[in-house]
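Next up: some structures, all given as structure tokens.
Next come two complexes, and both contain chain A; in the first it sits with chain B, in the second with chain C.
Now for the complex of A and B:
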């Protein structure tokens, strides 16, 4: 039985399930550096997933689906930024409002556009293309794990590198980080922190749009109510776990993705789904607990070392 | 006559409820050091923030080299060659020195990539040109305020500033650092042809440094005069609007008796780091013991340990022979300890409570103000408060308004009235005149001396060295959680004490003093 759980498919699934987490976490990480706690990621992913289906179904093109998802992501990002930055509303409340809005709006539109309840699926939805890296095909192990994923899997890895370079190697990234840590310093240096905060929020919308499109157009080509299933919050956990550093956050997202995949595998061997669906969340709690513990120990050690 | 570089004409700035600048006209000449002085809230900083584009004037005009200009953002000011060193440094703590210096004008390898190595070399070059030593790769958060100020100045110079505005630059510096800064300012003006505007409220600095001085009061410009025509007396009167007497405070010798004994106190700060590393001293009745130190060297933690607000890990506190280590604040208070906290808004009072409520705090459960500690008796409370308001000259429309309606000085007088009226034999007084106007400072200093003359033991913590020297009978210096020296007031100069405050000198005259003298 163990063999059925822990095998190459598990790793392949990990890569697949980690992808929306990586994408959303990258977006949230940008707002985090700009000093905004964006818990609206959950809603942004959900809307991205829905509108990806809308675009793909009506235009018979997965690209149109992705563009729709990104477009809606930008709109929601702008909305969030306007409330939080210009109207100075509480970011927590606006985040929750976006999540509730996304939950209600997608259910409503699912009915009014497609006339269905719960889930929508159709052969007319064009899924995202799968990628095959030719040079891997000869190598059995790597072929199974790394090949035949949707384009976003590879895009997310490239984005990690790009976000890293952007944040730490370009002036714009430095401005973004300064806008979060000490906006007055940036403002007196002649750069508008407001602009940087807006950019981060919009980028977060785009990345969450990607994440949503990957969910609904990636492997299953369907939309179900509340499809995002708290992935926005798990992405948040990955950001916190990774200290908002792109590489460390990537590792964290993979770990949470692994728990997700493990849950799916356990279901295959016949463990009741009520239990298997708990796995990712349980894993998140355990990991965060362990990390917090070791963090506290480290601080204590540092303090003692000093005195 | 020198060329007029900047002319401010009839600048008015109206904030909701406050007229911060009222038709202020001022000109700055090329190559001068122009001091702008005034009390807290006189509108100095507002005026300079308008010049730097952080605020927009409600009305009025700015001329630059004879032409009208509109400065909408700091970027406009930077383009005109105006730079500002803010009172609270505008540095990103987690960034390196080089990253901070080039912030906003980063050197680039190409369109997108920052050239960090170039940033380091720019920093090194600036550092050499202006003789201000900094380590380009050090993180700002690990540096002292003196160094941080250097970085601020270099940052401004890197942007090509010809006119440099310094907002209260000496407020956080030790005497040595202040002297260093003045050397740098003179060098900038005399050798490099820059123009400097310096905002301050320290009159001695104005006289020592500036060419001309403008005095502001309540949003208006009182006048501009040549520094060589000014004296401390003249400037003080212009600032306050009436005669100010810098009289020597009258001390009466009273019998001294040890009332507070602190031995080997160790305590951590809020981050868990050791803030006090074994502090010992004694406090005697009829004396004021001043604790001099750069802020953040353990003073706040010491006061908190003594008043029961923070736990000590080791050591002991004895109050009049009674063990008082790590006791509850109320128990310590009942042993006869009053406390003027350093932050009156956070711990000194409740902003949303009325003057009456604030001033009865601590007495509220005692007879006759409360019956059996439960029912509060309105009449005696109101009588007591109105008497205190009169006695301590708290200026308030009524005793029923909330505390946040009062000015900083009056809030502080309210806290002092409450604490001093406890008839405590030990007073722990932290930053008693921070953000308080000159008139109130005079009043508060006199009240403190009065308490001393009545035989109270007073521990004074202040970041203001002038205050320490004016009030203290004895001074101890604290640096990184350790006592570095102990002196009688007249035995040491401000300059020398600066060396102890920065740990450059240690323990030379520590110990022995009190045994012989007291």
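Now for the complex of A and C:
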């Protein structure tokens, strides 16, 4: 029994299910650093998944699908940024509005463009190319786990490194973080916090577009209603889990991807998977609790130290 | 001054809805359909016959409850985004009573089922409220996470320990007859829960607008420091608001079980709590506004089906329209500032021009 659950497929699935989480979480942590809590990621992923299908189907190219997803991601990111930054609307109201808009719009378009309800699949949709790392082919274990994934799997890992360098090793990263933490200081230094917030929001849209494209063009090449299935919220959980640090967030995303994959394996052998699926959500609450408690302890210590 | 503000808001609300409907009309045009036929079919579908009116009001029931739930929590400055989870637990609680105590007469059973849903929803909201006031943990994130936990938990319960005998259909057994609220209009799901909702709405209006508790809740939401100096127990008021909010969502779930499906289903809510939240946000947490806007949303939902049958426009168009309304309302004050500064600029330029000439 245990052998059926824990095997190489599980690890391979973990990598596959973690990828959209990593991509979306990277986008979300950029806005997080700019001082914006983006709960609209769920909708951004969903739109990305849908428009990736549209692009791939009509232009017979997966690249067109990805570009379409990214284009829509940029638009939604701009919309979000305009309302939150320029109109000073409540960020989470706009996030909810984007989620509901995405849910309605994708189903509406699914029916008016493709004339189907529920799901759309067609042999004319070109899937993302699979990628093989030549040097792993001789090693049986690593070959099964790490090879034959879509290009986004590898892109997501590279992006983690790039985001890390961007945030902590370049002046732009410092500006971005300052736009969230000390916007006044940044303003005095002659950099517009507004611009940095816009950039982070658009980047979030792009990354969520990637995540969506990976979902719909990656392994199954189909779109189903509500395909994002809470991934935007799990990505948010990963960000909180990882303290908005790219590498720690990556680890959290892998962990949540593992539990997701484990849930699928459990279902295959007929064990209820609901409890493993709960882990990311409950885990996030525990982390928030631990962080808050240690913060309170620190304050108490400081107060005692002074008196 | 307050009256002026209200009038200004009503104008913005009207313009927002109008603009969203116009955008909807353009989407219909882009689809090659006639927007006039579309909207006529929508209005007919919502209010055209006794059955249609009944269906509109049946759809209004969960929206009013979740909308009022959002109002009380947002007024107190604590954001309950966990309505969906509280609704699921409330619905399950009611169903559990309904399949366990099958011999109770309705007059005892229904209040008992409602009490169970109220307690389930209220307790599920109490937890994030305590985390918020004791440890200052962001309730938005916690309640979002708890939503999925509740959906998963109830999905486990109805697929395993409480699965219906007739195979895995993701639902409990049918609740005993005594618990089933009677239907009011043939074929429609409108049931006696609408009367309960009317009473609850009046109580909530009274609580929020006419009692000192309601006033304090509003104060806490507007300025918690000021309220603390004023002698209001801020934490207690926040917890109270959150628990009432959760209880209302729980009751919304109970009515879906007792009045509509007669059993708990694992996907019992298509996002009622999110719709209710939109409604409360649009009317700025005003209880009377919540009731009216819920009827409007219920009419849109009901009418959109007829619109689809008559013209082939997918009914999901209305959720696009609804989210555009909320975008306009959320951007309201921002838009106003933009327009005002734009006008001021133009005036300044004009003046400068006159001086030069």
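List of remarks:
Keep in mind that, in the parts below, the second predicted complex is superposed on the first by the 270 of 307 C-alpha atoms of A that agree within 3 Å, B and C clash if a C-alpha of one lies under 4 Å from a C-alpha of the other, contacts with A are read in each partner's own complex, and residues count from 1 in each chain.
In this section, a contact is a pair of C-beta atoms (placed from the backbone, for glycine too) under 8 Å apart; a residue touches a chain by one contact, two chains touch by 3 or more.
None of these values were measured; they are calculated from a predicted model.
By the touch criterion defined above, A:97 lies against chain C but remains apart from chain B after alignment on the C-alpha atoms of chain A.
For chain A, the partner that touches more of its residues is C, with chain B and chain C as the two candidates. Once the two complexes are laid over each other on the shared chain, residue contacts for A:177 go to chain B alone; chain C is not touched. In the superposition on chain A, contact is made by A:188 with chain B only, not with chain C.
Residue contacts after overlaying the shared chain place A:230 against chain C, while chain B stays out of touching range. Those residues of chain A that touch chain C in the complex are listed here as 37, 39, 83, 86-90, 92-94, 96-101, 103-105, 107-108, 111-112, 230, 233, 236-237, 240, 272, 274-275, 277-278, 281-282, 284-285, 288-289, 292-293, 296. Across the complex, chain B is touched by residues 165, 169-172, 174-175, 177-178, 181-182, 184-192, 299-300, 303, 306-307 of chain A. The residues of chain C lying in touch with chain A in their complex are 27, 31, 79, 81, 131, 135-138, 140-142, 144-146, 148-149, 152-153, 155-156, 159-160, 271, 274, 277-278, 281, 313-314, 316-320, 322-324, 326-327, 330-331, 333-335, 338. Residues 52, 54, 73-75, 78, 84, 86, 88, 90-95, 99-100, 103-106, 108, 112-114, 116, 155, 159, 268, 272-274, 277 of chain B touch chain A in their complex.
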